[in-house]
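You will see two complexes here that share subunit A, one where it goes with subunit B and one where it goes with subunit C.
After this line comes the complex of A and B, so read on.
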């Protein structure tokens, strides 16, 4: 083959993958990249949808407003409670489920299939189911707690500022723990049996096997699952929107919900975009720090 | 793991706890179904009577005949199928490219597609609404399908890349040696082998699109309203008619539950492959 032919061939090889990628890249640019850039632009403007002609560049004004916006700080605090509470309890319940499902018993296949069901359900249905179960007048949760003697009278779980956020968190924990269960379970199945045999020869107790063999072996899987789940939980707002809409008062406002409400109900797209951008920046900063630390630990 | 526990110990330490967890996982679902088949007067009882004394399908009948729910079901079906087909059409070639070629920017692009899943929906939803309004695509099937593609495409690319990776490259090479062009090799050898993976990714997109609420609410009006948006509106409209609402919830949840159980094994494999391998 002559040199020219090789050059042509090489160019063909470098361009072919982009031909295959072109549709995906074009669509993604149109519906993801362009909107994100526009959000950044909107966050520096005072765009209000019913008065689009008044749109002006306002610099950092939206972000300055945020600093003095009490609801922003309330929402940020609720987001922190929300993320830590939901992710950690989903993880613990998911880990326990995975460890149990990794044992052998005759209906294990059925158990593995059934436990994932909450994860497949739409958030509107989850909101609906739990609103109905929390119902003040005829809800099954009040009924069961009164029968068990844990409550003396019904509680309006979703209408009380001190219980509403935690009540919704329980629904989210319920929905998301199967994700941890299946992810951790698939990690557990890669742990070689020899490790357990060796530990047993050394006389390890069951607890020692868990903390010294199992958990270190699946540390990477757990870390990745925690990261994905944290991002997802931090962004999720639809179950809150369906159950309480952010109320009573601001009791169930989280940052993404507040951004959405300001944009959707308030029609203040500029301020809503600024709130969404702050959420994204905080999340990406957290991910960045996390990945840096994780790769630092891996290098050691 | 070697299990030295006796049968009785295993029941107490494994089977009973797992039964409790599955009870927790299924109870809200079962409660929804039970509610939907109880007559209205039984739903108003206090203390609650758990099992229906007289089961009835009245709520389902009322839902289909008196509300727009049947039309919403067909809207959801069209949008979810559309999202699956559109998503696969662009994701199959992309997944093939990431699996079979090594080129400059490959890692960057793969990371980029992964990172899209991290963007908060609220970040996309505001400008996407403005974009669809400018294009006149609000309240059209295409508009909602485009909205759902924002998350469907990145996920499908991720899954399909790992499915393509499971097919040995020697097969491509053998086909090329036999005189097949690249497109022939893809069509005759690779695609048939990756078909179960393609079906799984398609069903996954279908499920997420069917379940989705925020994009559908922002981008659809009365003409293409999906079931999730309709149900949420019913919650406001028929506040205390829990029989009707749970009947709607059951009709929305059952098809996705069945589909999910059908593809579950492969789906979980595809979704967790990234997490497990890294």
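After this line comes the complex of A and C, so read on.
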């Protein structure tokens, strides 16, 4: 082959991956990159949706306002409780479920199918379902606890600032634990049986087998699941919106919910975008770790 | 056959329907489709019969009726405003007076003055209703469709058994609520959640507060709000869930016999009567000691949007809905009261005592201010601050300051 022919062939090879990627890149640019840039731009403006003619560039004014906004700090703190509480408990429940479902029992197939149901339900259904379960007058939770003698009278779970956030967190933990269960279960099935046999020969206890064999073997799966779930939970606002709308007062306000309310109730898209941007920056750390992990795994 | 010939053939085949559709454009133009957004309290009710009647009377016009979730008003208005901004709004929709100022700023509405002048049904709607529905700039953008007036539901059997009378004033209301709070029953089913401003209004606005500058902070206004908050904080005549209770919760608790009084409109009369029969009756909301009062006039109109390309057809549809028998049939679906006088004359859609309570409430009925901040007051500022005041996180005076700040900075 002549040198010229080799050069042409190289050029073709260099461009081919980009051509294949082009449609995906175009779609990503249209539905991710463009809205992100628009959000950044909006956060530097005073855009109010019903007064588009008054829009002007305000620099960092929205971010300065945020520093003095009591509701922003309340929402930020609730977001921290929300993310840590929901993700950690979903993980523990998911891990326990996965370990159970990895055992042999005659209805294991059915159990594996049933456990996915909460994950498959739409969030709005979850929100409505738990709202009525928690209902002060007619809720099944109050009824059951009173019948069991654990309560002397009904509790307004969603109307008390000391219980409302945790009550919604419980609903979300229930909804999301199947994700961990299924993901960890798939990881468990890749652990070689020989490792357990060797541990058995060495006299390892059940706990030692879990901590020295199982968990290290599926560490990558757990880390990826935790990162993904952290991002999803941090952004989640639908269940809160349906159950309490952020109330009572600001008791169930989280950052994405507050950004949503300012944008869609106050129609203050400038300030709403600034709030959303702060959440994005905080989440960027998690995204960064995830991308590093993903690219690391791809390189292996 | 060569590839070029094959392509030519394919192009010819593809071009034929395209050419046909272009040639057929005048015929298609006659088949106008009007997109109408609506919401009914009972989502199982459908306007299909009305649509079919309209389409048979107006050949060439199709109505695409799209039900939009109400969500205490927040979902509906958010979707409507977002759709209008995105350029994908309907041609016409059910709208509320409290959104008019925002629509006005967006220049989103089509003035209806000319069309209304030629509409024969105009005289069948009373002047009072036209007056309330006038646009801020003197033009008419809204065509009234239905209305409700908020009043007080009370358990007539419990009130009578206690040797009391239905309350007409604030102090009487408080005394009746206290007397009926016993045996697991709360005297008053307060609505502190979404849409609850219509419980707060009779006490705060009826007691002297107003949306004018400084109107929330007068001594009279602050005292009126304290009185309302104290029903929960001090008198404890409301359920513990009151801070977040919304429409469904207050109505269900009243139907289940957990509360003895609550505030709502004729829209919930049917299901309440189905549950409680003659045990329930209604009177206007209580008035202030000086005889003044306020209750919410729940308006519902239709409007045509300026961006619509089928404005004339859209007006024909919305005027059809506000005309006589059609207006009556629509209100049987929505559970509210017809605006057409001819439809109201023989109205049997609700038991008479609730229609009477609605009519008796009209002298003190009013709407919220036609101001761009009003939707935010309803959806965010009022619920958050009301709930905080009910829970003791802020004082009732601080709540009034927050409302004052929203409107006047």
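FYI, the second predicted complex is superposed on the first by the 258 of 300 C-alpha atoms of A that agree within 3 Å, B and C clash if a C-alpha of one lies under 4 Å from a C-alpha of the other, contacts with A are read in each partner's own complex, and residues count from 1 in each chain.
Rule of thumb we're sticking to: a residue touches a chain if its C-beta (ideal position, glycine included) is under 8 Å from a C-beta of that chain, and two chains touch if they have at least 3 such contacts.
Computed from a prediction, not measured in an experiment: that's the story for all the values here.
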item: Overlay on subunit A: subunit C relative to subunit B, clash or fit; value: clash
item: First (subunit B), second (subunit C), both or neither touched by A:178; value: first
item: Contacts of A:264 with subunit B and subunit C, given as first, second, both or neither; value: both
item: First (subunit B), second (subunit C), both or neither touched by A:125; value: first
item: Partner chain(s) touched by A:278 [first = subunit B, second = subunit C, both, neither]; value: neither
item: Touched partner set for A:244, first subunit B, second subunit C, both or neither; value: second
item: Subunit B versus subunit C, judged by how many residues of subunit A each one touches; value: B
item: First (subunit B), second (subunit C), both or neither touched by A:98; value: neither
item: Touching partner for A:58 - first (subunit B), second (subunit C), both, neither; value: neither
item: Touched partner set for A:136, first subunit B, second subunit C, both or neither; value: second
item: Contacts of A:76 with subunit B and subunit C, given as first, second, both or neither; value: neither
item: Intersection of the subunit A residues that touch subunit B with those that touch subunit C; value: 135, 137-138, 264
item: Touch list for subunit C against partner subunit A, complex; value: 74, 78, 81-82, 85, 102-103, 105-106, 192-194, 239-245, 249, 252-253, 256, 258, 372, 375-376, 379-380, 383-385, 387-388, 390-391, 393
item: Contacting residues of subunit B [partner subunit A, same complex]; value: 1-3, 10, 14-15, 17-18, 21-22, 24-26, 28-29, 31-32, 35, 43-48, 50, 89-91, 93-94, 96-98, 100-101, 103-104, 106, 109, 113, 116-128, 130-131, 146-147, 149-150, 153-154, 157, 182, 207, 210-214, 218, 228-229, 231-232, 235, 242, 245-246, 249, 252-253, 256-257, 260-261, 264, 268-269, 272, 274-276, 278
item: In the complex, subunit A residues that touch subunit C; value: 49-52, 135-138, 154-156, 158-161, 164, 244-250, 261-262, 264-267
item: Parts of subunit A lying in touch with subunit B, wherever the complex brings them together; value: 13-14, 16-18, 20-21, 23-25, 27-28, 31-32, 34-36, 38-39, 42, 93, 96-97, 100-105, 111, 113-118, 120-133, 135, 137-140, 143, 146-147, 174, 178, 182-183, 186-187, 190, 193, 196-197, 200, 220-221, 224-225, 228, 231, 234-235, 237-238, 241-242, 256, 259-260, 263-264, 269, 272-273, 275-277, 279-280, 283-284, 287
